[in-house]
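Next come two complexes built around chain A: one with chain B, the other with chain C.
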Partner chain A sequence: MTALPATTAKKLGLVIDLDTCVGCQACATSCKEWNTQGYSAPLTDQDPYGADPHGAWLNRVHGFEVGEGDKGRTVHFPRSCLHCETPDCVTVCPTGASYKRAEDGIVLVNPDTCIGCKLCSWACAYGAREYDYDDGVMKKCTLCVDRIYNETFAPEDRVPACVRACPTGARHFGDIGDPNSAVSQLVAERGGFDLLPEFGYKPVNKYLPPRQRRDEVPPPVRATEKEVATGAAVEKLFAWVDRVMSR
Partner chain B sequence: MSRPHEPDLAPLLSVPSADEIKTTTCYMCACRCGIRVHLKDGKVRYIDGNRDHPVNKGVLCGKGSAGIMQHYAPSRLKAPLLRVGPRGSGEFKEISWEEALQTASTWLGDVRRKDPKKLAFFTGRDQSQSLTGWWAMQFGTPNYAAHGGFCSVNMAAAGLYTFGGSFWEFGETDWDHTRYFMLFGVAEDHASNPLKIALGKLKKRGVKVVSVNPVRTGYNAIADEWIGIKPGTDGLFAAALVHELLRTQKIDLDYLARYTNAPWLVIRDAGAEDDGLIARDADGKPLCFDTKTGKVTNAIATDLVPALSGTYKLADKREAVPAFQLVAERFLSDEYSPERAEKESGVAASTIRRIARELAHAAFEQQITLDVPWTDMLGRRHEKMIGRPVGMHAMRGISAHANGFHTCRILHVLQIVLGSIDCPGGFRYKAPYPKQTPPFLKMRGKPGDVQPMKPLPGPQLGFPTGPEDLLVDAEGRPQRIDKAFSWDAPLAAHGMMHMVIANAARGDPYPIDVLFMYMANMGWNSSMNLGATLAHLTEKDETTGEYKIPKVIYSDAYASETVAYADLVLPDTTYLERWDCISLLDRPISEPDAPADAIRHPVVKPDRDVRPFQDVLLDIGVRLGLPGMTTETGKAKFPGGYPDYIVNHERRPGIGPLAGFRGANGGEFGKGAVNPRQLEHYIANGSFHVHHLPPHMRYFRHANRDYTEWSVDKGFRLAPTPIYFQLYSETMQKMRLAARGHGAVQPPEQHRKRIEAYFDPLPFWYPPFEGEMTEGDFPLHAITQRPMAMYHSWGSQNSWLRQIHGSNRLYMNRARAAQFGIADDDWVWITSAIGRVKAQVKLMEGVNADTVWTWNAIGKRAGAWGLDTDAPEATRGFLLNHLITELLPEQRGGYRFSNSDPVTGQAAWYDLKVRVEKAAAEEAGETSPRFEPIIDVGVGRRSEAAE
Partner chain C sequence: MHPAYSVILFTTASGAGYGLLVWLALGAVVGLVPVERWLGIVGFGAALGLITAGLLSSTAHLGRPERAWRAFSQWRTSWLSREGVLAVATYIPAGLLALLWVLYERLVTPLALLAALCAVATLYTTGMIYASLRTIRHWYQPLTAPLYIVLGLASGAVLFNALLHLFGQASAFPAWLAMALLALGAMLKVSYWQGIDTGEKRYTAEMATGLGYLGKVRPLEPPHTQPNFVMREMGYTIARKHADKLRTLVLVLAFAAPIAALLLTLIPAPVAGIAGSVLAVLAMAVGLVVERWLFFAEAEHVSMLYYGAEAA
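Our next item is the complex of A and B:
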């Protein structure tokens, strides 16, 4: 069993905007691409060109519908580790391989001490852990720990690969523990919410709900010209045209 | 519990991503985003977006981020191949490049000596069309095109004939200013990153996004309002919006009077040879009626108050009416009322009226004013730029119908009456557009143009403006193998790739000797009626025993289904291994504010015996002695291959494939001397060049004097003439007059009614032709969409992307499926007039009730693309192509028109109608039809490649 830090100096995490996510999979493939040769290397694929290709992905995008008919909505929902404040996936770990960092709150797996028992993936309510069958260890989102502190990178590139790639700007990275951070303000402004808060894991990552749809009806068209013509629509139009053009 | 021993991560946190980062251009779809390729130990480690690049500004989509797996895919061809077994068997032997090039040159040389038109050269997702088209011109064949006839020629032609620009890569909405955005029928990747970036911006600014699409996925999922329209009826919906704007007098009259042919007088003289043409003065200038002077006068003048309605007497006493009157009469008629549109499209009349009010509100109550003075083409100075902030975008869902040309014209009429083209907040051109309506480019290939050993006197593709331009003989017969620019499809500006194999095999209009294809998977997902297509590729002439298409040369980097049907295979490199130029002479990547072009350069070396196709094409050209690429002594004019051509080739003096860094020191843009170090400049600049326009040249470029003069100087335009939007198309009327028996070039009898009907000078809506096929009971429309993580058929060879989309379902409306007794996950037969396909159903809410759909190009032939024969793409994937006829039913006289738009020849593959019936229990589990597997063609043992 593994203990959690009492507090963390920062709460680094992602804010994901369900209003703008179009489900393009950029966050999923850029994550896989970075991490298969990064901290989590390798993220292997089984039967990659065969009948049942499947591999380890630290971020997956799901699409589903909510509601019926025209009133319904299609939602794209990217899913990855939420870096919870009190996650069971850490506390169940028998070897201490799964741990939450005191300095920034990132939940990581130490591949040297992970024995691949999969207890953590059973404990995670969000299904965010991925067992790597070739590597024999558990993999998970690291918030691209090898990017965000990478001093060889330009400062603007020190963000997780998914945030760097996202074409619609639906993904934001920062310190959610700091109320003045851009991500905290975004959460406040847009009513960001926790995924399944009833489980009590206190996820750090937040989701922004779809905005209210803009289908307000503009005021009815005011007749700016006094209608002098009568008759069919064509005559009315031409009479109006003549008045406007001759002004 | 104990606190874990946290490992010291410090050594892992600042590892450089690469030994070296090289910038180049993505090719995972058609957007051509800027990428940074991170290289470690000589291999590709990571690819991300280039923040400085005008197209993607740093972001990169799901495809682009999986490019590494495309580059290392085991489906990559290894070496040149010569067929040794029967065609289609996949039996090949590897040969040397020398033997391959010699063989190709011998075959092609024979054709060129005898009759160059016996070569049909068609390219697919080709991004080097300015080279491939030029090569074909030097060869002398009229039979060249890329895949636009399948994809989007209706968009391109309708736009270019109406306002000198078009949707897709020819322009885009003014994302920073627009107040209302409508998205019509967009397949989810056109465009990819630019549209995604834009949608993010619009959502942030609170701009209303309305999507008009039978399916609510992707971009449509995040729209504020989804209008689940019935396929093929968008034209009626848009026309009803025009109807409402006219009825409520919410149109921009100044804009119409200044920038369009609305005031131009149309001759009314029934039966005359010029009935319906524009009345012109002795200099050919269009006439209008000036209400100030009460005279008929040259319309291209200032200080006029032109009449937009009324009947006027011309000098010869004949009557004429302003074009606007005809536009108004057409769209205000009951044919285009919201009620009529509701009946056909399923969109409530009240919704149509509301959308019209919202459009009017955005355009006229939320006007954008920029304090930027500018001068128009007639010399009038304007102190401000006034914008109607309504943006629109449309793509294949509009294009791939037999009524797509007119439908797209209606969309442009809608934009134009709102005054929202190239104004702040509206739809904006990207250089080299705008061009004349249509562009001054005439295709060649009439009788006499094609001569042995001679180049074609001009390009194969262009824009006819009357019957005299058509590529037909004295009897009106087609001159091109695909019948483009004949009476079958007079405005076929992108050719008709989809008809090449069927026509060639049937010898209609004539047989060919060599079919040469580049990256065009015409033996699978790029053909309609696939069973017949594969039969055509293997049919033999009974008397000679020779294949009806005697020789097939194919170039591709990957083992597509078509490889097995080639006689000679020329393996291409990947996009990371070669030079390319994304040229303004070709398909532009410009931004509205900034003309741009780009290059690819080899960031890694090929690890196998493959060559860039463009180098191969130039090499074959030299072997054939083609002009332009061969010196007088028969040597290569570009001994350095394609990069040498990119730098040193000039179309006109000072104008070459790349517009940036021209001139001796690289300081000139657009026009300038050859710069021997041009490619080095590009690479140093991130592999692109962008030229920012000054503010006064950023809008109203159809009528902006400074921009026009600049664009002539840079070679984008030929002459500094104003561009008038053609609400009323004189070109269309000229074709129609020919059908009425006027002029020297007239359609043969069997074509007359069709030309008369569809060459209406004003856009109109008519039902797609699939109705002609549906004698049986086919109640459902069937369409396809491209998933955002896939591009054409390419994604399935990519081990990451195929984990996202490895098979495809038939998506059906839940309530409608229940009426047919179909439940979720059922296996069904999808039946059309020509065949049936078996697939598994997935029910959903967000789809028009009369529509079924599936993801495009996931279904694969077993064994192709380097996949195992039991891959889900083959066992549970399927194509609708089997169900789509390539020919319409016989007309009287036995003639069969292609299943295409009658104006442009655009393949009408979204017109498909089907019925869906539950399959028997024992039939569940696998899709049908299945073809014999293609085993390891061209890629050797997969395991070996994977190592």
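Our next item is the complex of A and C:
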């Protein structure tokens, strides 16, 4: 059913540390390897050895340059499904293949009922869904639903493949809805934030800002979820940051 | 947004088909068109043929067309599902209307009104598939859904007028109706273009990455060497100068030329009537395909903020 659950018992998601990510792509390749044989199998590529190789990947690592001159810095930026609380990618689905689980908040596509209309990818603000041209259905991050509950795995392996692969500990997995969880405490301690909170999809995944350099302005105190809902607080916040930076 | 030919054909063909259905039904109710067998066969054949060809074409856009029937289930939340349900539901009154018309030359007025209502509602749901997407500023506009209705009704009226000419049932009213709808369509389309040209881009790469407090965000290392699905589907862009040329082409072919050709049909000579009404159909068909192509090609998606777009 494409109606969103009113609440979810848990809000499982990722916390990604933009300070320690080194852009090595281990999370992306590990994701691809796990998911091409797991829930999302097959995760196909087109023209893999030709002039225009491309394929469905569920995790992409961008490199951005931020700021000017000696204040400039490189930020490695992994991007995948944020398992939003109120995303349109679920409600636009005409078949019910795209759904959000009430028990843990994971957003999944049922590969047996997806018709490959691609409308969910149009509704995603984060470009997180990738259509599988060979399989004819939409693919997306499953939060490794086939690992995290797998009791035949050693406990340390019951995390998403990307988290397990990260060599710098820049990726954390847990229940972001539980304020006492390790990930929630990390978010509170480091000022974790939402991507594009203005859009209103309420992402579950959080990003931790790069740590402050001695000659830099501190990261802003981000609006909490409740303040974001009003919209105005964020606009004021960005205006204030702009003023501070242009001094 | 990538302009998929199957979707362009679907929205233009089924739009004209639903429009023709509306004018056949209402035209018969007000006595503008005789409830006559051959006119019914050709008229409903064209209307239902265009609708069916469009709907079949839309399934070519699907990765798994054999599962298309599943799309009727989620009408509670999905405009695409609502469109599917209404498109199929419209066949019931439209099919009965056509059968009674062709077999018994009978008109049941409530059935005709119901068919017209269903057709307009289907046009609205088609528009809302696009108008409900907040990720695409160019579509999330108050005029998007009304344009789908007006352009469907206008192209249907141009077809309706040509049909009446072919059966020697021409009168001035259908020609003026088509011209008025075309003029309204042109006005709404120009207003839509002004809206998207002057509309505010509300989201920035700084918001998308949350890094604005450090300064301007620029792409440095792309995550992949070749365009992925997201870039191929959502990253399709058209140069502004090409868009301007195509907008002019749309204004000429979809609106100005059909209006001029329809004026020609008002000359009391049978050749002028047939030639003018057929020319109007041809110009409008090409014009609306370009209009629909541009509707996709000009649309920008917010996810491109991660791929170098500064604002969306």
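Criterion: the second predicted complex is superposed on the first by the 212 of 247 C-alpha atoms of A that agree within 3 Å, B and C clash if a C-alpha of one lies under 4 Å from a C-alpha of the other, contacts with A are read in each partner's own complex, and residues count from 1 in each chain.
Criterion: contacts are C-beta pairs under 8 Å (C-beta built on N, C-alpha and C of every residue); 3 or more make two chains touch, one makes a residue touch a chain.
Remember, it's a predicted structure, so these values are computed and weren't measured experimentally.
A.B. asks: For A:E65, decide between first (touching chain B), second (touching chain C), both and neither.
C.D. replies: both
A.B. asks: With the two complexes superposed on chain A, say which partner A:G23 touches: chain B (first), chain C (second), both, or neither.
C.D. replies: both
A.B. asks: Between chain B (first) and chain C (second), which, if any, makes contact with A:A170: first, second, both or neither?
C.D. replies: first
A.B. asks: Please indicate which partner A:T2 is in contact with in the superposed arrangement: first for chain B, second for chain C, both, or neither.
C.D. replies: After superposition on chain A, A:T2 lies in contact with both partners, chain B and chain C.
A.B. asks: If we overlay the two complexes on their shared chain A, which of chain B and chain C does A:S121 touch? Say first, second, both or neither.
C.D. replies: A:S121 contacts chain C only, not chain B.
A.B. asks: Tell me the contact category for A:L195 with respect to chain B and chain C: first, second, both or neither.
C.D. replies: The answer is second: A:L195 touches chain C but not chain B.
A.B. asks: Per the definitions at the top, what is the overlap between the chain A residues touching chain B and those touching chain C?
C.D. replies: Overlap of chain B and chain C footprints on chain A: residues 1-3, 23, 28, 52-55, 57, 63, 65, 67-68, 72-75, 91, 93, 96-97, 210, 217, 219-220, 238, 241, 245.
A.B. asks: Using the touch definition from the top, list the residues of chain B that touch chain A in their complex.
C.D. replies: Residues of chain B touching chain A: 1-7, 9, 12-17, 40, 45-49, 51, 56, 58-66, 68, 74, 188, 192-193, 196-197, 199-201, 203-204, 206-208, 216-222, 224-226, 228, 246-250, 253, 257, 291, 305-310, 324-325, 328-329, 332, 354, 357-358, 360-361, 365, 788-789, 797, 799-804, 806, 815, 844-846, 866-868, 870-872, 875, 942, 946.
A.B. asks: Using the touch definition from the top, list the residues of chain A that touch chain B in their complex.
C.D. replies: Where chain A meets chain B, its residues are 1-3, 5, 19-26, 28-30, 32-34, 37, 39, 45, 48-55, 57, 63, 65, 67-70, 72-76, 91, 93, 96-99, 101, 108, 110, 112, 145-146, 149-153, 156-157, 161, 164-170, 210-211, 213-215, 217-221, 224-225, 232-234, 236-238, 240-242, 244-246.
A.B. asks: Which of the residues in chain C end up touching chain A in this complex?
C.D. replies: Against chain A, the touching part of chain C is residues 1, 61-65, 67-68, 70-74, 76-81, 84, 129, 132-136, 202-203, 207-230, 232-234, 301-307.
A.B. asks: Tell me, which parts of chain A touch chain C in their complex?
C.D. replies: 1-3, 18, 23, 28, 52-57, 60-68, 71-75, 77, 79, 88, 91-97, 113-119, 121-127, 129-133, 135-137, 193-196, 198-199, 207, 209-210, 216-217, 219-220, 238, 241, 245
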